[in-house]
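In the two complexes that follow, subunit A is the common piece, with subunit B as its partner first and subunit C second.
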Partner chain A sequence: MSQISVGHSGHGHDAGHGGEAHIAARGRIDPALLTMPHGAGRALSAIFLLVGLVAVVATFFLGYGGRAAQAMAAYHMGFLFTLGLALGCLGITMMLQQFNSGWSGPVCRQAENISSNIWVVGLLFLPIVVLEVFLSHGHPRLFHWMSPDLLDQNSAHYDTLLNAKKGFLNTNFWLVRYVFYFVMWMWFATKLAGWSRAQDRTGDKWLTAKARKISSVGLLLFALSCAFASFDYVMSLDHHWYSTMFGVWFFSAAAKAAFALIIVILASLKLRGKLGAAYTSEHLHDTGKLLFAFTVFWAYISFSQYFLMWYSNIPEETAYFNLRVREAWQPFPMIMVVANFVVPFLLLLVRNFKRNPTILRLIALWVLVAFALDLYFLVRPILRGVEPGEGVWLDALGILGPVCIFLAVVVRTVCKHPLTLLKDPRLHEVLAHKNYV
Partner chain B sequence: MARARTKIYKTSAGEVVYGMMAEFATPADTFHAAEKMRDAGYTRWDVYAPFAIHGIDEAMGLKTSRVPLLCGILGLSGAGLGYLFQWWVSHQAYPMVVQGKPYGAWQPFMPIIFEFGVIFTSFTALLSMMAFNRLPMWHHPLLKKERFLRTSDDRFVICVESADSKFDPDGTRKLLEKCGGYNVDLVED
Partner chain C sequence: MSALHPDELTARRLAGDEPPADRARKFDPVTKDGTIIDDPSVRAPLVLGDRSIGDVTRIICGYVEQKPGSWWLPAFGVVSHVAALAGIMILYLAITGVGVWGLNNQVDWAWDITNFVFWIGIGHAGTLISAILCLLKQKWRTSINRAAEAMTIFAVICAATYPGIHVGRMWMAWMMFPIPNANAIWPNFRSPLLWDLFAVSTYGTVSLLFWYMGMIPDFATLRDRAVLRLMKNPDGGPRVLPFLAVRVDTLRAYIYGALSVGWRFSSRHWQHYEKAYLILAGISTPLVLSVHSIVSFDFATSVLPGWHATIFPPYFVAGAIFGGFAMVLLLMIPARELYPNMKDLITVRHLENMAKIILVTGSMVGFAYAMEFFIAWYSGSKYEADVFVYNRLMPPFFAGEDGKYAPYWWAYWSMIFCNVISPQVFWFKAFRTSAFWIFVVSFLVTIGMWFERFVIIVTSLHQAFVPGEWGMFFPTPVDILTFTGTVGIFVTLFMLFLRFLPAFAMSEIKNCLPSASPHHHGDGNGHDHGHDHGHKPAPAGGGHH
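Coming up: the complex of A and B.
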């Protein structure tokens, strides 16, 4: 209430003038609330790392022991989970900068923290690249289109459809794209995070303008690369199938999960008494609304993709759903709709749930679990002959591995840097933020 | 609409009193006066200003509106109704094969269900907002006051209705004056 434009004139209007300002001074926040104490988060990070490494090793050995394809698919789901989080956060960072969003200091900082670790995601994908491209001996287990057999006209497995796609879908170009995507994402993520951290020290307000400028180019490249990455890493698992909507679909799922993780981080900090006036129930309310918006967006895109394929009934499109609505997979589509849409939609409609850190964090955790389930539904059915639920511990371990390793790094990053932008020129907007609804 | 009144006040000229208004010169004065009126326990009163004063709802102690809840309930019911209509038409009343799809398949219903949800929500929002605000209101006692008309220009007014259980001609006048209000005046109904 200290920033209403009445009664305290002179308090809210000098922002942006007179050079740098520190959010702690301006918002009368104890500076200790805006940083984590030295060494904080180490235990949590160590636990995540340990669990992650154990899970990855266990996945590897279980795969080695005869369930190779399933182990790789499980690990791939874990990789996609971290890719979704990191990419979603990169998109969110650039969107917030592009919109010149003033209220979102802590949200922007956490999005930067997560996306600046996208290099870990790139490394996490290396085992799959090595196993599929270099050690598969012509029999890839996930990306079947890599098999040279399929393009051999004399082979019984010759695939005309793949032959038509080989200009794009060939191993060398795929590897080039892998390097290109991650180098580009890393460049944008480290630039944006680096500038905002540099601003914390120097107070240079032009860094904000610079971030906004590259975000405009960045968003365009991000939209394209995100879509093509989803084609490369998810859609090509079933190389006969194609959906022009899939890129958007993957982005919607990723952004939803990314907002959920940001909420988990910020609500946890809030519940530990951190952030003070920089992140109140007003900010929480708005991050909750964004989670709600992306939940609806996910449902909208998912349904639109399904609806058109259902109507037109063209075999190369329906192949995807054909695999996922039959036999043991039959209950899954509805489980997906309920877990990913109905439950969070109804819960997030309630105003008080969005303003309560404990409840909102629970909803966000639910959304993250639902995202994992969504990836399960996306990737796992391609292992024909392996029933859903069969070897579910292997699937769980596979997902847990990359996710825990990624979270270990994220926890360290979150604790290392200030919890919000400290000297952003739009600080007064962070502090004055109110919903009025 | 006759409202239950605790007591009917009359001016010396014998007119029924609608309430008591006080003028304020700045939004800040109005804001702080509103806080004092709220703390004094008044419930049936309002602030009139030429523009929105941020945070005035909290200063007045206004509770969250019931409009969102109604919108939620009616929006979901509308969506349900949208499904019911289509299901009745294409599954019960006149089943027809379209493109070889099953009778009463839910997929093609979805866009209409969505539209029904949206239209019910938006109409509920508009109509319930009007109902809660007693709109359309063709006349308001305050509009008879020449001085009140300046609230569309450069004056701020707080008016306490005589229907407020705490209303009392002397006490309310004193409080309004203490809050910084001037030209405190009775408003005839």
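Coming up: the complex of A and C.
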């Protein structure tokens, strides 16, 4: 039972009165709109958990039945999907703090809800670590650079280029980084979410100042760790290939997907009649605009990266794209451009679409599906023998597994805490938020 | 002094001849001028001194209508002479040929392209402040946007000079445009240099429109004030020249009248204005990103180690904003000291915000340097790694046994010190709230951003793949004086801007005043200096008197 429902069941007017009363005192909003009833979301969470576990088990068995590499790649895509969501939300939380943003109480709360579950993402990566590092018997299926054969000078597979980068790409350092990244992200995410939830109880406005302060250092560390994590978990899948832009690219894709998930959550709550004046069509409009901005940012970064490699046409770099346009993969780049950019770009230009929770939620869901496609395009082609249409159920199950497990905990977190920052010192700005034009 | 009748006071206000009161400012060691507030529940006031809407008009129009301080003419004399240097050097170049520059067969792009990219970069802050910060609803931009936009235009003018004079036969520069001619020569549409031409000219055009459109209501205010003064006093007032029978206010009425294209402050005008402003902000936002991205393509589309890096587009954009903000601060911090009451419009909070942007963009630039370095090593490409180590990084006193070092190490380390290390002082509040330190860091950043372009261009070229093509570049006096001359052009234009054009967006600043809010005195947030509410005019939407 959260402290919040205590608040509106009677303690509302004593010294430590509940947060909704704080908002309600301004006569703008019904306190019941800002919390979920006890037990809400349990069914949804259970369904997600069930689907997720079934999908993971099915992926495992399908993999065991002779498609091990594909099963692992599929699961890895699912992991990357959840990593993108959690990491993107951590970045968004810290950015909102740094901007001193006043209008964004509900957005900030949902970003905290998602990012504070980043520990789940860390655990979801464990199976890959175990399978690749400890049970691969020298034949890793995803991260081929882990194979000792490639560094053996006497082997026919000796890889000079890998030898040059073994100071970074070696299993031990990779494991250390894995622990370091997730511990650091968890620390920031739990601190920020914890302070914000503590503020709901105590109303201590200095917690906001504190969050702002650590977010500044946090963003610096976030930028570096996010970039290197993207090298570790995505770029090193093709260990010869490199791009200075890759870290920025991964952030742009992750932030876009994370923002889409925030919109899905908020629009769903809105459609269930929650949030009231804390999230009106004005807020919807602005979140829609931000999703638009993230979409364009993704397109800008993706285009720049691809275009510079295409124009220069250096074999080390174009090998990556050659792999992704060969044979049956040929239509994929265009599908990517349309799904990730053209469709959301055109839809989000329309004012009414951004102000309508039903439509905006549909667009955000589309963006999430497009993010999965994006990851498919990044990860799946490394299985050189397996064509894109082949074993599509396995790919889908592999992605669904980690994603559904993650969503199960996110749903629980969303329902457990107040739906917006209750005693944010800039609450009046949330409630008074308007788009003037 | 005798008390004035209130009606008389109003009449004087309408005529605009009441001198702006130079109020004593409080200074507090913690909140500085009262705007450095840590409390997250308080938004710092954007205009200080409890100014009324009329005060804002008077202060800003005063910069144009009243004589500037005695410093103005000597300073203008110096900078306009420096500007003339550029003209002389360009003339000398045209007469003599490109041989007067220091570039050579080994380093065939050097000084001129460095300066081109430097100036184009400076121009980015203006559009960032007026377009992107407008879309992000950052109200603090209102007191710096006009000056930053002006600076953008002037920087683009300086930048556009360089490719024009670098083409060799500069009287043929028009052939850069795809104009059909008798020889059927077309520019190469596959070259990023041509895209640059389009990008920069589009950027210059849209920035100019944005700047001019924003000034229209303010021109109308200046026009109306001149007309009112003429009506009130048909015979007096200073003349343009002793023997010329035209009065200054008549001239103002005509010139500002023409520039204000019939602006009448009607609500219909405002509605169109706001819509146009938003549309231009929407167009300018991708434009500002595209310009420097395309400038970066000039280098990154090549196969040259040190130039070909995929991170170049966003890295150049971040660097441009970084350098642009530094230049805004370099210009506005002295202006704030020299012009009366400007500190009420550009508060310490404004400076702090800009210092933070410098810290963020400086760190982004540092991030890009780090990524380039890491990937140069990670790629396993020997040439890529060598460009970083032996063309840029290695100082002679750390050279290994082979004695190899980077001849331009000093340029590289100047860049690192100025761009990455010096802005880090802004982690500390004492530095980022001190106008002096912000000025110092901005100065260093401006130098660092110049060196960044020098490092990218010259160090990558001077020792490329074939040792037979290795060489060094050193600027000649003509190079140096041409650059000095463009600095003079830039400052001259900026001083003229401050003297003759409205340096602040009046209506936008008025919208940030507490009295402009419909909730004024409503729920007690915002600032509450309770002392003289008496003379506060009614919050008329955009009314200028």
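The rule is simple: the second predicted complex is superposed on the first by the 414 of 437 C-alpha atoms of A that agree within 3 Å, B and C clash if a C-alpha of one lies under 4 Å from a C-alpha of the other, contacts with A are read in each partner's own complex, and residues count from 1 in each chain.
One rule holds in what follows: contacts are C-beta pairs under 8 Å (C-beta built on N, C-alpha and C of every residue); 3 or more make two chains touch, one makes a residue touch a chain.
All values reported here derive from a predicted model rather than from experimental measurement.
**Q** Under the stated touch criterion, which partner chain does A:L220 make contact with: subunit B (first), subunit C (second), both, or neither?
**A** So A:L220 only meets subunit C here.
**Q** Once the structures are superposed on A, label A:K434 by its partner contacts, choosing first (subunit B), second (subunit C), both or neither.
**A** first
**Q** Would you check which partner chain A:V129 touches, where first means subunit B only, second means subunit C only, and both and neither mean what they say?
**A** neither
**Q** Using the touch criterion from the header, give the chain among subunit B and subunit C with more contacted residues in subunit A.
**A** C
**Q** Of the two partner chains, subunit B (first) and subunit C (second), which one does A:V296 touch, if any: first, second, both, or neither?
**A** second
**Q** Based on the superposed arrangement, let me know which partner A:Y311 touches: subunit B (first), subunit C (second), both, or neither?
**A** Both partners.
**Q** Is A:A209 touching anything from subunit B or subunit C once the two structures are fitted on A? First, second, both or neither.
**A** It touches subunit C, and subunit B stays clear.
**Q** Which partner does A:R351 reach: the first (subunit B), the second (subunit C), both, or neither?
**A** A:R351: touches subunit B, not subunit C.
**Q** Which residues form the common part of the subunit A surface touched by subunit B and by subunit C?
**A** On subunit A, the residues that contact subunit B in one structure and subunit C in the other are 311, 313, 436.
**Q** Can you name the residues of subunit A that touch subunit C in the complex?
**A** 99-100, 102, 160-161, 164-165, 168, 205-206, 208-209, 212, 216, 220, 223-224, 227, 231, 240, 242-248, 289, 296, 300-301, 304-305, 308-309, 311-314, 316, 425-426, 428, 432, 436-437
**Q** Could you please specify the touching residues of subunit A with respect to subunit B in the complex?
**A** Subunit A residues touching subunit B: 1, 4-7, 9, 303, 306-307, 310-311, 313, 349, 351, 434, 436.
**Q** Where on subunit C is subunit A touching in the complex?
**A** These residues of subunit C touch subunit A: 38-41, 43, 135-136, 274-275, 278, 286, 289, 293, 297, 300-303, 308-314, 363-364, 367-368, 370-372, 375, 377-381, 427, 519, 523, 525.
**Q** Tell me, which parts of subunit B touch subunit A in their complex?
**A** 26-28, 31-32, 53-55, 57-58, 64, 68, 72, 99, 107-108, 110
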